[in-house]
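Two complexes follow with chain A in common, the first pairing it with chain B and the second with chain C.
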Partner chain A sequence: MTNREKLSDLLLDIFLLEPEEFSFDLTREDVETWDSLAVVSVAVGVKETFGYHFTPEEATGVVRVQDIIDLLENKGISFAD
Partner chain B sequence: MKILHEQQVRADLDELDRAWVAPETFIFLPEKSATGEAWIAERLAGIPGDYAEGHFILLTSGTTGEPKLVIGSRDRAEALARHLHERQDSEAVQATVCLLPLTYCYAFVNQWRWARSLGRDLVMTDGFSRPAELEAALASTPASMICLVGAQLPLFHQHFPDATFPLVQRVHFAGGRFPQEHLADLTRRFPSATIYNNYGCAEAMPRLTLRKAHEADDAADVGRPLDGVKLRLDGAGELTFQSPFSAVAFMDEQGFSAVPDTQWISTGDLAEEHPNGHWRVLGRSGEVFKRFGEKISLSSLLKSVGEVWPHAAAFYKAHDPGGEEAHVLSLAPHPDKKEVREILLRFRKDFPRTHWPLRIESAAQLPVLPNGKTDILALPTLADKQEHWRQRL
Partner chain C sequence: MSQFLEQPPYAKRDDAAFLAEMNALSAHHLNGCEAYERIWPDTGTVECLEDLPWLHVGVFKHLDLRTAVDGSKHVRTLLSSATSSGVSSRIALDTRSSAYQSQSTLAVLKDFIGDDQQPLCILDSASALRGGRQISARIAAAMSLKPLASQLYFLLEDSNDPSSLKWPELLEAIDGHDAFMVYGFTWMLWLAWVEQVFPDDVVKALAGKRITFVHSGGWKKLEAQKVSPATFDAKLKEDLDPASQVMDFYGLVEQVGMIFPLCPCGYRTAPAWADVLVRDPVSGACLDEDVGQLQLMNTISWGAPYHNVLTEDLGRLVPGACSCGRAGTVFELIGRIPKSEVRGCANV
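== the complex of A and B ==
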C-alpha cells in the first residue's frame, strides 16, 4: 500500500467519508466532520500510521489534506509513490 | 418469613399459589443471582414485623448491580393486574405464555398474577433456552398474551427468522427502551396482536404508564399514566411517581425504608411531559451524560443503531484517554465491514462526533441477565470480543 493510499484510508476512517467523497484537495471547510476532535484523531492517526508525532501547532495548523502531506514530506516521508 | 426459590416454582407452580394465599409474607428468589443468601438473610431479618403477613418480596439488582429487596402488597398487585386487564383490553385474551422468569416483577404481576386473578391459562416456557418449545407454545396457545423486553427481539430474529405467530393477541414490552424501529417486523411476526409499550420499574411494582405501540412513532413515548398514578419531575429532571399500586417498602444496603403514599419515588429515569399528556422517557439518568459539554443520550444513539442494525446492540460507559466520560458500542453477532460502515455513517448523519462511540466492538452474543435485559456490567470483559472501529484519541 502506498503512503497516499494509507493516508486516504486513514482520513476516510476518521472523517467517516464515503470513498467517492474523498480527494487530496479536501480542506477543513469541505468536510463537516473535520472538527476539533478530528484534529486530535488526525494527529494520533498520523503517529500510528506514519510514525511522526505532530506538534500541537502543526496539528492545529492543518486545514487541508495537502498540509498533512507537506508536513510529512518535510520529515522525509515520501508521497511521490 | 417463607423463602421460595425459582427452582421450586419451576418444579411445582402450585408452590407459588400456596405462598400467595398463606398469611405469611414470602420472598421469591431468582435461580441466578449475584446476591448471596447471607446478604438476603441479613436484610430479611431487618424488615419490621408489620410486614410479616400479606406481602411478597422480590429481589432486584437491575443494571446497576446493587441488590434491593422490594416489598409489595398482595392487594395492590391484584388491583394492578385487574387494572391492566381493563386498560389493555384483554378480555378476549385466554392465556399468557411466559418467556421471562416469574421472579421478575414484570412477569410476576403482568403475567402470573394476571392469569390467576382473571382465571386465564399460564403457559410456562424456558424462553430462548429452549427455542423449539417456545416456538411450539407461541404457535399453539390460543388467544395468548406475551411479555417481552427489547433485548429479546434479536433472539426472535436469530431463532425464528421467518416465523409468524397469529394466535398471539397481545405483545407487551417493558424493561427498557421500546424497539419502535422494529414495529413493522413485530407486526409481521404477530399479525393479530395489539402491541403495547409498558413503562415502570420494580419500585412501581411494576407499571406506571402504557401506550399502544401505534399511538406514537417515538420510542421514548411511554404514553399516559395508569389510573391513580401521578408523575412529576424532580429538580434534576428525573421522573418521580406516586402510585396506588407501588411497592410499600424497600430494603437495601442503606437499610429499610417504608414508602408512605405521599412520598415521591424516583424511577432513575430522565423524562419530559408532552403537551398531549404522554410522557417521554429520555433514558436512565446514568445513560445521559455530558461529553465535552454535549449532552449524550445513549438511548437516542441506540435508536439510530437500531435503524441499520437489526441484531443485539448495547452501550457501556468508559473513559477516553483524556479521562473524559465516553461510551462503547457492543454488537452481537459479529458484524462484517459493510455493516460496521453503515452504523458509522448513521452516526455521522445523526450526531456530531462527540456523540460517536469510542469504539465499536462485537461478540457472538451479548450477555443477558435472568430478566432478559442485556448485562451491561459484563460487556467490557467479554472473552470473544472483537474491535471493529475506534476513535483515535
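== the complex of A and C ==
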C-alpha cells in the first residue's frame, strides 16, 4: 500500500467519507466532520500510520489534506509514490 | 455567547444577569425544539432559577432532542456510559456549544491545575476516537484536557481492558519529561495504574516524576475493592514527585462542558456560568441544606435543551463561600440515588 493510499484510508475513516467523496484537495471547510475531535484523530492516526507525532501547533494548523502531506514530507516521509 | 465565560470561572457574578441568560436560553430551546416545547408548553420568563423549565436526565435516553435554529449545525452525538438498562443518553452536539464547552472546561481546569502544557496520557484506546459520529463519555472527558496537552498518548490497546497498557507508549510519554498528566475513569485509573505490576524499566522511569492525575466517573465500580479516596490518591502518588496531584471531577454527558472538580475542602463549586439546585426526590421542592437530587444548569448549552437537568445524583448545598476561596454555589456530591442505574458519572 502506498503512503497516499494509507493516508486516504485513514482520512476516509476519520471524516466518515465515502471513497468518491475524498480527494487530496479537500480542505477543512469542505468536510463537515473535520471538527476538533477529527483534528485529534488525524494527529493520533498519523502517528500510528506514519510514526510521526504532530506538535499541537502542527495538528491545529492543518486545514488541507495537502498540509498533512507537506508536514510528513518535511519529515522525510515520501508521498511521491 | 455567555457573558460569564469572559470572566474568571470563580469570580463573583451578577445573579440577575445569570437568570436573564437562563431565561433567554430556555426561550431559545422552547422556540427551536418541538419536543421540549411539548414538555413545557406556555412557558415564559420566570423570576427565580427554581422555576426555570428543566428536564430529567432520563429523558435523553428516550428522546432525540436537538434545538434547530438558523445556522445551527449538529455534527456528533455524545453517548453516556453504558447503564444497567443498556440504554445510553444521547446528546446532540452542535458546533456553537462545542466551542463554549471547550472554553468552559479549559477555564475550570486552569483554575485547578494551572496552564502548563504537558504530555497527556489517556487510559483509553486510540480506536475509541473513531466512533463515527458518536463520542463516548470517556473520550469527551479526556478531550476536555486536550488544550493543556503538548502530546497525546493513548495507553490502552483495548478501551475496557486495564491490563492492556502499552508500555512502549508510556515510556515514550515519560521520556524527556519531568511532568505529565494522566486521565482515566476512576475505576480504570485504579485498575490500570495501581493494581497492575509495572515492568521494572517503567517503575524506574516514573520515579520522581510529577504527575497530575485527573479522573472522573465515580467510585461505584470500585466498591468491591473498598478503596477510599485517600488511599486512591496516596497509592497513585507513591514514589512520585511530592508535587504530584490527583484531581477528581464530577460531570455528566447531559451537562457536557461542565466539570466540577473536588477542591481541597471536599466540596465542588459551580463556575459563574453554572448553578446548582437540590430538590427533594419526592416532592420536588428545593432544599437549602438537606440532601436531595442535584439539578445542574448552565448558560453554554445551545444545541439541545440540556442546559437545565435534574440528575439522579444525590448531594447537598453548602451554605456560604468555600474556604478554598472560589465564589459560586458550593455543593457536596454524595452519590447516586439508590436503585438508579449504575454508570460512569457520579457513581460515588
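Keep this in mind: the second predicted complex is superposed on the first by the 81 of 81 C-alpha atoms of A that agree within 3 Å, B and C clash if a C-alpha of one lies under 4 Å from a C-alpha of the other, contacts with A are read in each partner's own complex, and residues count from 1 in each chain.
Definition applied: contacts are C-beta pairs under 8 Å (C-beta built on N, C-alpha and C of every residue); 3 or more make two chains touch, one makes a residue touch a chain.
Quantities reported herein were computed from a predicted structural model and do not represent experimental measurements.
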Contacts of A:53 with chain B and chain C, given as first, second, both or neither: second
Chain B versus chain C as contact partner of A:74, first or second or both or neither: neither
Partner chain(s) touched by A:35 [first = chain B, second = chain C, both, neither]: both
Partner chain in contact with A:14 - chain B first, chain C second, else both or neither: both
Residues of chain A contacting chain B in one complex and chain C in the other: 13-14, 16, 33, 35, 37, 40-41, 44-45, 48
Contacting residues of chain A [partner chain B, same complex]: 13-14, 16, 18, 33, 35, 37-38, 40-42, 44-45, 48
Complex contact set, residues of chain B against chain A: 292, 344-345, 347-348, 352-354, 389, 391-393
Chain C residues touching chain A - in the complex, by the definition given at the top: 73, 75-76, 95, 98, 102, 117, 126, 129-130, 132-133, 135, 139, 143, 146, 149-152, 154
Chain C-facing residues of chain A, complex: 13-14, 16, 32-33, 35-37, 40-41, 43-45, 48, 53, 55-56
